[in-house]
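You will see chain A twice below: alongside chain B first, and alongside chain C after that.
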Partner chain A sequence: MSIVTVQLGQCGNQIGFEVFDSLFSDSHCSQGLCSKRENEAYQASCKERFFREEKNGIPIARAVLVDMEPKVINQTLSKAAQASRWKYGQHACFCQKQGSGNNWAYGYSMHGPRHEESIMNLIQKEVEKCDSLSGFFVIMSMAGGTGSGLGAFITQKLQDQYSNSLKMNQIIWPYGTGEVIVQNYNSILTLSHLYRSSDAFLIHENDVVHKICAKRMNIKQISFSNINQVLAHQLGSVFQPTYSSEGSFHYRRNPLGDLMEHLVPHPEFKMLGVRNIPQMSENSLAYSTFTWAGLLKHLRQMLISNAKMEEGINWQVRPPLSGLPPLGKMSVNKELHFNTSIANLVILRGKDVLSADVEAFKDPALYTSWLEPVDAFSVWKTQRAFNKYEKCAALVSNSQFLVKPLDMIVGKAWNMFASKAYIHQYTKFGIEEEDFLDSFTLLEQVVASYCNV
Partner chain B sequence: MTQSVVVQVGQCGNQIGCCFWDLALREHAAVNQKGIYDDAISSFFRNVDTRVVGDGGSISKGKISSLKARAVLIDMEEGVVNEILQGPLRDVFDSKQLITDISGSGNNWAVGHKIFGNLYREQILEKLRKSAEHCDCLQCFFIIHSMGGGTGSGLGTFLLKVLEDEFPEVYRFVTSIYPSSEDDVITSPYNSMLAMKELNEHADCVLPIDNQSLFDIISKIDSVVNSGKLGTTVKPKSVITSGAGAIKKQHKKPFDAMNNIVANLLLNLTSSARFEGSLNMDLNEISMNLVPFPQLHYLVSSLTPLYTLADVNIPPRRLDQMFSDAFSKDHQLIQADPRHSLYLACALMVRGNVQISDLRRNIERLKPTLQFVSWNQEGWKTSLCSVPPVGHSHSLLALANNTCVKPTFMELRERFMRLYKKKAHLHHYLHVEGMEESSFAEAVSSLSALIQEYNELDATKSMPVQDVPRLIVAV
Partner chain C sequence: MGRRRCRATGALPQAIATLSRSLPAGPSPEIFRRAKFDRPEAAPVLWQLLFRVLAPPAADSTWSSLAPEAQAQVVKSALHSLGYPRPVLAQFPEGSRELLLALSWLLARGPLLEQLLDKTRVQLGDQLPQFEALGSLGPPVLHVETEGPMDLRRVQWLMGKLRFRWRHLISSQQEQCTLLGKIHLYTSGCHSHQNLGHLSVTETEMLRDPESSQQLLQALECENTRLEAALEWRCCELVFWQWMDTVLDACPVEGPSVASQPTVLPMISEHGLGELELIEQELQALQEELQEVAESRRAAWEAQVRGLGRGPEWGTTRKALQESVERELAALQGSWEQSSRSDQLHRPHRLVRSKEGAPGPQGLRAAEVIRMLSAQEACLKRMLHQLQSQCQQELARLSGTLPDLIWILAPRH
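This part shows the complex of A and B:
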């Protein structure tokens, strides 16, 4: 089954390119540590999912590129054309001239309705080229105007038009210290709207990925390319083909559906975070070996201590001992110690993967009480190595990972809203103070729900 | 990709405008080696087949035939515009883009605004409409003028209302040269005060600049160059000393160097909209991010490193120094000290070989030394444009919405009151039909209201930042 990706705005398009590039490189990588036949099956599965074939053999990404000004799309298309290993569809782009000016209201209320038909047509065309549609990725940032505002609008339309297909928004959480001054407004408007129309969001925090580049990858002058490549690697480690069940030799047909089924048991809890391990530069790869025991131990501790990366993990944090009364209601103000999960999915790829022991993830103390660990935790194991990593593990988690960042954004946006700063820029295009208040209310609800888990 | 139209009004406006077009051509020539008319060039230039008579000559793609500036040149004297039309840039302008008169405005805002405004309203409208028609997607009008004279100040601000009525969707960015304290035009306080009211009401964004600051910057560059310090040498094709590389012939007046600074400001302001980069910033984002309340739309600017404003070969300094300098009072284009005042918002527009980590590192480093208003503690807007300015590896334009503009306005009001109390020269204004004493009173109260807003913000400066109590929801 196939996934159609909608790349929105500068961020969405820049990242989308790196994602497809990473998926393609990995699927054509010769160091898969598996048999040739296995590799071919992997390649075929990846292709069906993310690419389609053209007559001359060059695969075409199943993607629609949308931006309200032309520079980034032009750059993206030419980058793909230059590498010429895969490309975007000839008519897969929608572009305007003026941009959204970092204004969520403009993206949502002006560009949205104005271009709804053209954009949905493009998506429809891409969908028709799939034998069977698993669902959509929508790659967008929250901070700007197009990705955020138009992204929220398009997600709503996807909900209306393709109610049987799943939608996962890949949301880029901006740096805490300004990329865009009104990013907090744009973020709360985006999240509140997506909460009503998306099935799940997988959140990628710029600050976190930046730290990974700095500390783990040792990159001196970090560019957005670097950041986007790390992000693409994380996404690839989750969505490249995986076996459908332990010991089976067929690749999972519907990763989106399976993932959502496991991770989003309740519509109030849609925010997913991703962690992966090991994180290192390609140069260091060749000199490193890992054991599954070591990797999983670190990954589990990253989960429960809410560590953002493989370094500086707080080993003091422990899950509450079973038999004792549960720890009191989590307060965002206090130092967050133990990260309670609703559901977790661990994806393991590489050598000796079948021997990897994930029992520690099934500890009921990790989870909230309303799901049995057998329902709350799943593991997907695949022999074929990913992106030249002899062993790699990814964790997709529906947990309290994102409470603190969300709370911070809501807090900052609320402070700004209290002073009414910049509101005139939004009311100009039909987003009124009540719309802001609705968004705040919804998100405070989400924060509270996650805190009480 | 969008287009912008430059409207240059009065002597000052046209001289700066001329520098701007010169530098713009040079920049595009350096970037666009193949001579293809692309989106970037089209933002400021039309491509015209000059063999075609009349209007039909526009070429939208392909090789560059003849570039015409998207400009309207207005002056009520002929001297400056004629000089431009006889100079090396004459082919860049169309005679149909000009509006001139002979008598000048006599340094009288009322003459520029009321008399010439009414006289030329239709013509102005026509030229503006024509220039808009030539644009695929017009995003912004850049108005360049001085505040202290008659034409730039009076007619220049008259234009703003016309633009607002005719093209409400198009941004109006105004580059205003404020009179220095030793300005030799006696009536400049009147002119500036009357113009300020118009800027308050009809501009989207104003970039105030004053001659004293420009002069100080030029002096600083000169002293570094002449001292021979650190192996600095003037580049052989320097804009400051030789004409080669730029089309315009160089004069020895300091005004040319000063105008170049303002021209560079406009180029850098639009670079991220014209050229590609990893974090683009379009013109509509400037207004969106830097104008939290409609009246507070005055942005203090600084361009660093200084040597990018002259063609000097200084061995590259530490990148971080460029960021530090952007916040020093010596690098601002008006007499202002942003570091010791309150920031409402700040934009950093970087060009060249600078990446996001450089930007972040410097923001983290400089943040503790700056004071931001309580509701915008992380009030930073950033952009990265890959194309550096000609002949340099990187540059930074900082735009600050900061209460440090207040002293400029207060001084203006003081100088105005000194004259007004004595009713000096007032009759020149009141003679003009449509002008009354109330026009002056309204202008003062408009400026006073603005100053009061800045005062109220400043009062919050030393108060501890208190979070507003959050909504409480039932779970």
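This part shows the complex of A and C:
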């Protein structure tokens, strides 16, 4: 089943390009470590999901590009055309000549309604070219004006028009010390609106990915391109084909639906984080070998200690012993705390994957009291290696990963709001103080729900 | 007497043989004979047959793997919910005579053979999915007990999963529609039948793979045999019912509990006006009962209302009440008409793609079906809304009884 991607704003378009590129390179990679037939099935599955055929054979990405400025879209299109291995649809982009000025209200109340028809038409055309639609990816950032405001608007319209299709928003969490002064306002408005119309958020924190680039990949001058490539690698390792069930060798048809069913059925818990391992540049790959046991042990500790990276993991954090009283309600200020999960999905790709042992993830102590590990934990596997990594593992987790960052953003936004700083820029375009208050209420509720898990 | 019995003896095994040919996996006449004498070896076969007949159609694959005891349980609860008058059947696996009586009761009460044949029809065309009748009684459900109180969040979690699966189902159906449309488009002009014009999936499959056409042919021949048997049965069933009377007589006389129950065993020995008179009498009795009840309620209401004033307020209230009653009545009538008109939807229909404006022979047009379904949807939405507001009122009432509780409604999105 196919997924239509909507790339919004500068961030969305740059990342979108890297994602499609990564998916394409992986599916055409010659070092898949599997039989030719399996490789073909893998390719076909990836293609059905993300690309479509054209007469002359070059696959076209199932994507719609939207931005209020032409610069980034033109760059993206030309990059794709240059490499000429895949491309974007000829009429798949929409752009204007003016930006959004990092103003969420402008994106939501002005650009949104004004360009609603054109954008939804583009999306409709792309949807019609799918035999079966699984759902939508909306790639956007939270801090700017176009991605965040217009993104929230478009997601709402998708909910109205395609209520049966699934919607996953890939959200780029801005740097803590970001450049945009009002990024916290933009963030809380985006999240609160999306909570009402989207099914799941897959959140990528710029700070985290930046650190991965610096420490694990030894990149000296980290550009957005590096960051986006790491992101794309993470997403690819989640959404490339996997076997549909234990013991089957058929690829699953609807990974988006399966993922959502396992991880986000509860309406209050929609925030997902991704961790993957190993995190190293491809150049160092040739010199390292891994065992599944080692990888999974690290991944599990990353989960429970809320580590963002493979190194510097705090091995002191342990799950609470059963029988003892729970480790108190989680306080946002505590340094050493255990990350309780609501649900987890582990995805394993590579050699000898069928022998990988994930029992440690089924420990009930990792999860909340109201879900059994059999419901809360799932694992997807494929023998086909991803992007030349002999073995790689990804974890998509609905857990307390994002409570602290969310709480921080809400706190900062509240401080600004209390002194009414910059509010007039929003009220000018129809976002009233009450909308802010609604957003604060909703997000406080989300934080409380996650803390009380 | 002797001569009649002589003729009957020849015709009876034939009649029973015909019956068993028309049933799916019908037992041999010998089984029937043994069941009359309550022989234990006939019981398992009859239990299986009853299960096949009574088990809900959609769940066949999972339910056929049930243990025999569980199957017997299903049979008993199904018979009970259908109103089978005889006391609960004997413990599994005995009681073949009772099973025989149950089978013949089912045969007599409703168009059982026709229903069974319908269930296993061989479809050549692409079918419209069968729509469940509004408010139809579902099949008997096996209850599952929950172990103790459950966290609300877990329930919400499960509801969410259900919703996702529902959406997945709808997407799959949309996919199926798209692909069906493609097949119909690509094969237009291939069908020999003028009115149809294009091939269905089964027919396309037959062309691609001759093996499957052999299987289809076998299935059709099998169905033909059963249909012929059913027709024959209509001619010679009288003999069977006369014999069933003897089976009933062979039953040991039960206690007074059986006699007190109204014998609804409709061993139809003669068709005709006798039945109709009975129905007429029952309807009249029902009407009189309703009138009595309505009278007493009206009287009580009048008595209540007499106390209230006749001021202008009362006038407007009364008008508002009248209007709301009229609206409800209209809605009820509307839904009644809907359900009677939408009976057409419950028959199987073949999907045919035709050019716009082409003279459609018989059958429904898509637009009409969509209209009927939209009307049903609106009706169900109204019912849902009504139930939801009833729930809200009940919750508000309950929360009012707890003094320290503040009631915060979830925001409507």
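Quick note on the criterion: the second predicted complex is superposed on the first by the 452 of 453 C-alpha atoms of A that agree within 3 Å, B and C clash if a C-alpha of one lies under 4 Å from a C-alpha of the other, contacts with A are read in each partner's own complex, and residues count from 1 in each chain.
One rule holds in what follows: contacts are C-beta pairs under 8 Å (C-beta built on N, C-alpha and C of every residue); 3 or more make two chains touch, one makes a residue touch a chain.
Note that the structure is a prediction, hence the values are computed from the model and not measured.
**Student:** Using the superposition on chain A, decide if chain B and chain C clash or fit.
**Tutor:** Superposition check on chain A shows chain B and chain C fit without a clash.
**Student:** Could you look at A:1 and tell me whether it touches chain B, chain C, both or neither (first, second, both, neither)?
**Tutor:** second
**Student:** Look at A:315 in the shared chain and tell me whether it touches chain B only, chain C only, both, or neither; answer first, second, both or neither.
**Tutor:** Neither: A:315 stays clear of chain B and chain C.
**Student:** Would you sort A:412 into first (chain B), second (chain C), both or neither based on which partner it touches?
**Tutor:** Touch status of A:412: first partner only.
**Student:** Let me test your reading of the model: by the given contact rule, A:371 touches which partner, first (chain B), second (chain C), both or neither?
**Tutor:** So A:371 only meets chain C here.
**Student:** If you tally the residues of chain A touched by each partner, is the higher count for chain B or for chain C?
**Tutor:** Looking at chain B versus chain C, the one contacting more residues of chain A is B.
**Student:** Using only C-alpha atoms, work out how near chain B sits to chain C after the chain A superposition, in angstrom.
**Tutor:** So the smallest C-alpha gap separating chain B from chain C comes to 10 Å.
**Student:** How about chain B: which of its residues touch chain A in the complex?
**Tutor:** 1-2, 39, 136-137, 139, 275-276, 278-280, 282, 284-285, 287-294, 344-345, 355-358, 360, 363-364, 367, 374-382, 384, 467-468, 470-473, 475
**Student:** Can you name the residues of chain C that touch chain A in the complex?
**Tutor:** Checking each residue of chain C against chain A gives 150-151, 153-154, 156-161, 163-165, 167-168, 170-172, 174-175, 178-179, 413.
**Student:** Quick one: in the complex, what on chain A touches chain B?
**Tutor:** By the definition above, chain A touches chain B via 10, 14, 69-72, 74-75, 97-103, 145, 175-182, 210, 213-214, 219-225, 227, 410-412, 414-416, 418-422, 424-425, 440-441, 444-445, 448-449, 452.
**Student:** Can you check the complex and tell me which residues of chain A touch chain C?
**Tutor:** Those in contact with chain C are residues 1, 131-134, 164-166, 196, 254, 257, 260-261, 264-268, 368-371, 375.
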